[in-house]
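Reviewing the structure listed below.
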């Protein structure tokens, strides 16, 4: 059984790599390289997998998951500027790197909170045209 | 090739476990434990996998699948109260258990109806924030 | 300027009119007349109209509107059975009557809370195929 | 006949009023007052009304409208920071003020470009929960 | 009270005006002028307005409306080629003209079927970017 | 890491198999067998998988992918009649066969264009009720 829960957050970013020249940045990232940044409404899906508990009929307690994701992810990124507001989030704030960072934060002490259920997947929708996924064994 | 077809049904339920005290039920299920129940518009996806038939260009006949799902699932759950109207559906009517029950009903005599194509996946969306999936080997 | 804010709630109901015979009820409401009821995920839009405040750049404070709608509407209907749980909501709980009841509850002391802005419209989506609207002068 | 065409753009903003103290700003705008800003994916609808041309079967040429909106609105706001990148857009960049600013830019020389058809409505969706509308006589 | 019901149909068309040269057609309609046509999944909304019946709690019987729209509109346009399959639908099959044609077919004997309730509005969505509306007094 | 990008195109088709009699065609394909065809707005998802480039923070350059899909797929199918306009697309133009044809066109010289990243999946939505998927090892 896989259970997926959906979250949303709004954040701004600017795509600019310190390892590239200004010209290369402009060519590579186009208008995503504009100096003052821009923003998106991100959708985040977190999937857990495991067995359903016979007593409760549930795989995982959704309120406990909400509190966990609120602390680990939403309060870090929601209504924030990814380039300036997120300690420890280095590298270009592409949604690839954002997805990896969210996965790192969620996996860190998942096992301690959600015993039997495993983390299965982190999925991030940047816009209606772009989505990113990490599957976790 | 995987072919997915989407169905919808509306039903009501109350989350309450006979194996828990009233207090534990209230704490665990929150407002989903309200005595008179509440309802949702469920979305169901059924996925079949297999080879495409050269003569028809199809993996499965969608009209045949519709009749099958209508009989096995929709007429059982649509516009019904899951706690009172569904014979054989025991345990707490969480969407985890609902998904397992739908899978059981669909798998039962699938092979007899859809020869070469296999049942691949049952997916249920309870609300815009919660989805549940069973993958079938 | 019109500002619309979207809310959601889940509830169950059974369509049955005391002014009709059982046969007439079954014929008129079809499966919505099933004895134990069924449920939907309702979407509610509340629209305010008026002038934008020069100091704040806002028509209305959205947090104040959220608290108002939570008290007047959501805590009354969310995760409830409309036939049994809502004092003062009489008549058949069709979405026409639900929309009228919500409008009554919202209009009651709107003026007292939202000074300059007027209530413009109550809109309820019962399912993806049915929506209901009251426009208020 | 009314014809509505949908556009999208992504931008960042910070809600902060120079006419209020820091405390009042924090209380009024909450996390929308975070110093480095945040962003959204805005949806814009532009509605024209008028008569259908018998020869072409159209109310307005959609390609001409696209070019017009690209120049007047999208190149100004898309992938931009509203507080820093938009000349002439003063006041707090709430979506109320954004909608008024878009309406001003669209109305300016609409008549010159779209002869018989009139501008009917500017509608902006900030997030899935908030929409703003100006109707134009 | 306004009640809106949503319908869907799939059809193909080619935009080509007999009153224009081939070059003018190509310039005006672009790829919509391709000789063999192309298709869309149209969404149709039909809105009725009036008073709610005290006995039934309804503005209009939705099953009766479904049968009416099925006969007047869906069986005419669904899975059809608008240029060849629709008797009496002349002129370029733009969605402006399609909306006018649907309105004509719906209004024709509406009053006879739906007594007290009036037809309020025909709305057609051609694609996610284009919608068309006729409001009826 | 998997990156998915979404495309849309509109096309018309008629389902008719030369290997079946007219009666069998009518029975099997129903109204999809109507002689003049009908159309849909298809949604296409293309998924790439691989490692994120440390320098750019990206799995694949989305502009390069857009140009590739435009050439290989969109200019072939968008605003076209699948039965008449697509050289080399033989067999009944069901969405199963369309998905296979798109996969063939995309896979052909993918490796040459997108070095390290592999093509992972082609997914096509015909209507809101039907989706088709090919997973690629």
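Order of writing sets the chain letters: A, B, C, D, E and F. Residues in each chain are counted from 1.
By definition in this document, a contact is a pair of C-beta atoms (placed from the backbone, for glycine too) under 8 Å apart; a residue touches a chain by one contact, two chains touch by 3 or more.
Keep in mind that this is a model prediction, so the values were computed, not measured.
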Review point. If you check the contacts of subunit C and subunit D, which chains show up for both?
Key: E
Check your understanding: Taking mean CA positions as centres, which chain lies farthest from subunit D?
Key -> B
Check your understanding: Which pair wins on C-beta contacts, B-F or A-D?
Key -> A-D
Practice item. Could you label the subunit A-subunit B interface same or different, taking same to mean over half of its residue numbers are used by both chains? Key: different
Study note, to complete from the structure: Expressed in whole Å, how far the mean CA point of subunit A lies from that of subunit C is 34
Revision key, fill the gap. Taking each chain's centre as the mean of its CA atoms, subunit C sits from subunit F at a distance in Å of 42
Check your understanding: How big is the gap, in whole Å, between where the Cα atoms of subunit B centre and where those of subunit C centre?
Key -> 29
Check your understanding: Counting only residues that touch at least 2 other chains, which ones in subunit E make the list?
Key -> 128
Practice item. Select the category (line, ring, star, complete, other) that matches the graph of chains linked by touching. Key: other
Check your understanding: Pairwise, which chains touch?
Key -> A-B, A-D, A-F, B-C, B-F, C-D, C-E, D-E, E-F
Check your understanding: In the complex formed with subunit F, which residues of subunit B make contact?
Key -> 1-6, 52, 54-59, 61-63
Revision key, fill the gap. The subunit A residues in contact with subunit F across the complex are 15, 17, 19-20, 28, 30, 91-94, 96-97, 99-100, 128-135
**Study point:** Partner subunit D, residues of subunit A touching it in the complex
**Key:** 8, 10-13, 31-32, 34, 36-41, 78-81, 83-85, 127-128
